[in-house]
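What follows is a group of structures, each given as structure tokens.
In the two complexes that follow, chain A is the common piece, with chain B as its partner first and chain C second.
Right after this comes the complex of A and B.
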């Protein structure tokens, strides 16, 4: 009964969102604000109705109602409650509903927050958000309903995919979705600006926080996916250039470009068409990301079941969004002619321009690698995949250039940088970078990419430190106080700038983690019987033996290792092999990870034979923790910007 | 901005884009990995012997032989029409077992045996060769539900 209420609520939501498209447009046509208010009520009602839909599904999960197909497919009675709730987004159908729910929540929030401040664009915003909701709800109701029943009811469910039974996997999809869906608000504002003809900086200011919020959520989502892959999959890595990983990476790349180029429009009123273009592409790639994962059209290791009907629907949905938004952009772009022009190639404007260019090139390379197999298959019926070496070779140089720009752009003058300006800002950082590189080479870093990365990291870090020093000594002498107070003042007067620089520091830390863990990784696969020893790097590992372990809904074996550094015992490590008791009977590998300052020791037991021999993969991943720390620092930077104090407009 | 500056920016963008495009496309060819079925592998011309490819198929029941206390194993991969022998050295993923789909990467050695040291299946239990996906995943799911019913 409960599930039918949810189903009905979602069908009602579809009807309401169609009304939500029409009402604001009628209001606009007739000039009657009551219709526009009806549009706001429609998005609010939508949020309540879809909440009911999600609620009924969660309730069915908690009741362990195995007459609901989605519950059967994604849970069983021994599944812990925590994962039972997360099972809402554990499968294809539920995750689409969850997407629609976040969309409705954000649309409602935006409608109420910006209602007073943006009366002219509001009707369009409401209509656009409602159209997106219609697109998703139609897909859910007609092609992939999570509300289907099975007759007769079953006694037991299949189980949630054991790989998903992990906190990392519980939080990874919602964060991605918050990012994807969050970009729908700047996207709608941009289209609303185009449609209403209010093409100033208004929409960018209104969506500044939405953009930052979505971007950091997407960032966290991607990092969490990597972290989860690292400790749950037992292959010692965190990123494989899998098409589905790429699907979340592409909107991140373009979103990052957008995040930077809006600043040029705020400060210099340039890049107007460009910014509209970028946000349309960002949101389209978010949609593409969702659909690539959830439609299974790619032969990915993530891919979910393929269904031709769904594929065609998704294709139509995507093309509608693309054709309409680019159509509007092209028709209106003649109104966007800007008289301000770039003064010089050596200026902050052009640094941002190149930043954007390289982010787009990066996106294009990922796009090409991800979708080329699909194209070849469609045209020639040949199946190919693009290997990771392609991405590594093409991507690394682009990333290095972007990183250099990251050091240059914030410090170079707007309009036209004089030689004086360049010398003042970059002499010290370049010297620091050269010195840092030489030191790195002396302590034993010899490969080309790590050395290049060292140069860039020292360069960017030095630009940030010297900038902070200059600003705070200015404030210190200005107010006649200490340098410490000066730092506080510099910070207080430039919260947005320094928040951004903190994010850049996070990126540097992450880059060090990526370079360290990939260039200096050690690995070994070995077969052992109890009592055997092996060594990797400075560490030796002694296999003591196997024991049985048991959890609520799984049982397995645990290998006990004593780890020594030289002759000193430093740790016990216990990699596990689990078998979940649900219908899938799927084995999983739980890696044992022992963190050390300079890198993780990582053991993953991949096989156990009947006579007690085991196969173990051992890794040593230097600096890998820095990737996660870097993500945290990036988040901190964004929080600092989001919660900056409001200062009176001067 | 003067015309020459504009041309300057334009040219530098073109050069950079061209360099990267060259880098991208130049690396494309050699990093493409072809994906075959066992039947297609059987019909490969000798030119392709020793070239890295991926093969998707079902692991034949009863064919999996692990060489004790080594990382080597032998099994057969089938697409229903043709079957090829595979020798594998390495660590198979958790999901690898007889009677399920698997994708192996390696090369067809002198037209006799497929030598591999990588079996793909990193993330999802829904993973299977694309042909079988086309044949329909919903069917087995329905069978699964049926088999669970009292």
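Right after this comes the complex of A and C.
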């Protein structure tokens, strides 16, 4: 009964969202504000109705109602409650419903927040958000309903995919979706600006926080995905350039470009068409991400959640969005004649232009690498794979350039930088960077990319420190107080700037983690019998033996290792091989991870033979924790901007 | 129409068309080629010593041909097992094991062999031309060739777990002992 209520609520939501498209448009045509208000009520009602839909599904999961097909497919009675709730987005149908729910939530929020401040664009915004909702709801109702019953009811469910039974999975998809869907608000605002002809800076100011919020959610989603892959998939790495990983990375790259280029429009009223273009591309890539994951068009580790049959629908939906939004942009862009030209190549606006350019080139390389196998297969019927070597070769140099720009752009003057300005801002950082590189070389860093990265990290860090020092000593002498108070004042008067710089520091920390854990990683694959010993780096590992282990809904084998540094016993590590009950019988690898000096010792058992021999992959991943810390610092920077105090209107 | 208008429209049409054409395909459907046919000949430099090795010089022997690369995770998984296979059969005069190092930097390949061990020759295939002749679509892949130069077995993926004994007991040993498969 409950599930039918949810189903009807979602069907009602589809009807309401069609009304949500029409009402605001009628309101525009007739000039009657009551119709536009009806549009706002429609989005709000949508949110309530879809919440009912999600609620009924969660309720059925908790009730372990195995007469509901989606519940049968994605849970069983021994599944812990935590994962039972997360199973809502564990499969194809539920995750689409979850998408639609976040979309409705954001549309409602945006409608209420910007109602008074953006009366002209509001009708368009409501209609666009409602159209997106219609697209998802129609897919859910007609092709991917999570509300289907099975008759007769089953006694037991199939269980959630074992790989997904992990805290990382509980958080990774929602964060990605918050990012993907969050970008729909700036996207809708941009289209609304194009349609209404209000093409000033208004839409950019309205969407600043939305953009930042979506961006950081997407960032967290990607990092959590990497963390999950790291300890759940058992291959010792966190990023594999898998098509679905790339699908989340591409909107992130373009979104980052957008985040920077809007500042140029705010300050200098330039890049108008460009910003519209970027946000349309960002959101299109978010949809493309959904398409790639859900259509099964590419082979990927995420293959557990796809269905080619629905691919056609998602493709039609995505194409409609692409054609309409780019079409509107092309038709309306003629209105956007911008008179202001670049004053100089050496200026902040041109630094941002280069930043954008390289972010787009980076996106294009990922895009090509991701779709090349599909292209070759479609045109020639030949199977090819594009692996890490391609990305390392083409992507790394682009990243280095972007990182250098990250140090230069914030410190260079708008319009035209003088030689004096350049010397003042960059002399100290360049010296610091050179010194840092020499020190790195002396302590044993010899490879070219790590050295280049060291140079850049020192350079960017020095620009940030010297900037903060200059500003705070200015404030300190200005108000005749100590440097510490100066730092506080500098901060207080430039929250957005320093929030951004904190995020940049997060990026630097993460880069160090990536370099450390990839260039200085040690690894070994080895076959052992009980009593055998092997060593890797400074550590030696003794295989004590195997034992059986059991969890609530799985059983498996655990290998026990004693870890020694020199002769000192430092830890016990227990990698596992698990087999989950339920339908899949798929074995999973639980790596044993022991943190040591901000890096990890990592053991993963890949194979057990009948006579008790095991195959183990051992890794030593130095500095890998810095990747996660870096993500945290990036988040902190964004929070500092999001919660900055409102400036008094002058 | 401006230049970027045209470019955007062309890009859109191209992407949508590509997806439409690609939708009906199964990315995991691998064409089964070459089992039962003559093994293509090849030659190339030894990864470690640089001397030229030629397939023709191994004619008349039972050859285990393994395509691998240092950047391939699954190749690491199977590597100890490959060494074990070579250890098990190397005393047979008719047994040869060869590695083909697929699209790899020589330095990386050498590093891989130094850290994981090597007991049989590996041939460099930087451009992947040998792999193309054998219809390899990704590494690791292993081919077993009989004394007449016919490919008798092909395995896609790492030789680990039960595959190991399947390959050694059901394919290699019978071939070496002159039995029918």
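The definition used in the following text is that the second predicted complex is superposed on the first by the 641 of 650 C-alpha atoms of A that agree within 3 Å, B and C clash if a C-alpha of one lies under 4 Å from a C-alpha of the other, contacts with A are read in each partner's own complex, and residues count from 1 in each chain.
One rule holds in what follows: a residue touches a chain if its C-beta (ideal position, glycine included) is under 8 Å from a C-beta of that chain, and two chains touch if they have at least 3 such contacts.
Everything numeric here is computed off the predicted structure, so don't read it as measured data.
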Is this a clash or a fit when chain B and chain C both end up on chain A? clash
Given the touch rule stated above, what does A:322 touch, chain B (first), chain C (second), both, or neither? second
Which holds for A:155: it touches chain B only (first), chain C only (second), both, or neither? first
Taking the superposition on A as described, I'd like to know which of chain B and chain C A:581 touches: first, second, both or neither. neither
Does chain B (first) or chain C (second) touch A:312, or do both, or does neither? second
Counting only touches as set out at the top, which of chain B and chain C does A:615 meet: first, second, both, neither? both
For A:330, select first, second, both or neither according to whether it touches chain B, chain C, the two together, or no partner. second
Quick check for you: in the superposed arrangement, does A:527 touch first (chain B), second (chain C), both or neither? both
Taking the superposition as given, does A:235 touch the first partner, chain B, the second, chain C, both, or neither? both
Quick check for you: in the superposed arrangement, does A:374 touch first (chain B), second (chain C), both or neither? second
More chain A residues touched by chain B or by chain C? B
Among 1-9, 55-63, 73-81 or 109-117 on chain C, the segment whose C-alpha atoms clash with chain B after superposition: 73-81
Show me the chain A residues, by the header's touch rule, that chain B contacts in one structure and chain C contacts in the other. 235, 240, 296, 299, 373, 382-385, 387, 389, 525, 527, 606-607, 615, 617
With touch defined as at the start, can you tell me which chain C residues reach chain A in the complex? 5, 8-9, 12, 15-16, 18-28, 30-31, 71-73, 76-77, 79-81, 84, 103-105, 115-116, 137-138, 160-161
Chain A touches which residues of chain B in the complex? 1, 5, 8-9, 12-13, 16-17, 20, 23-24, 27-28, 31-36, 54, 66, 68-71, 90-92, 94-95, 120-127, 129-130, 133-134, 137-138, 141, 144-145, 148-150
For chain A, which residues count as touching chain C in their complex? 235, 237, 240, 291, 295-299, 308, 311-312, 315, 319, 322-323, 326, 329-330, 333, 371, 373-375, 377-378, 382-385, 387-389, 523-527, 606-607, 615, 617
The residues of chain A that touch chain B in their complex are 69, 72-73, 150, 152, 154-156, 158, 161, 163, 229, 233-235, 240, 242, 244, 296, 299, 301-307, 341-345, 350, 353, 357, 361, 364-365, 368-369, 372-373, 382-387, 389-390, 393-394, 397-398, 525, 527, 583-584, 586-589, 606-607, 609, 613, 615, 617
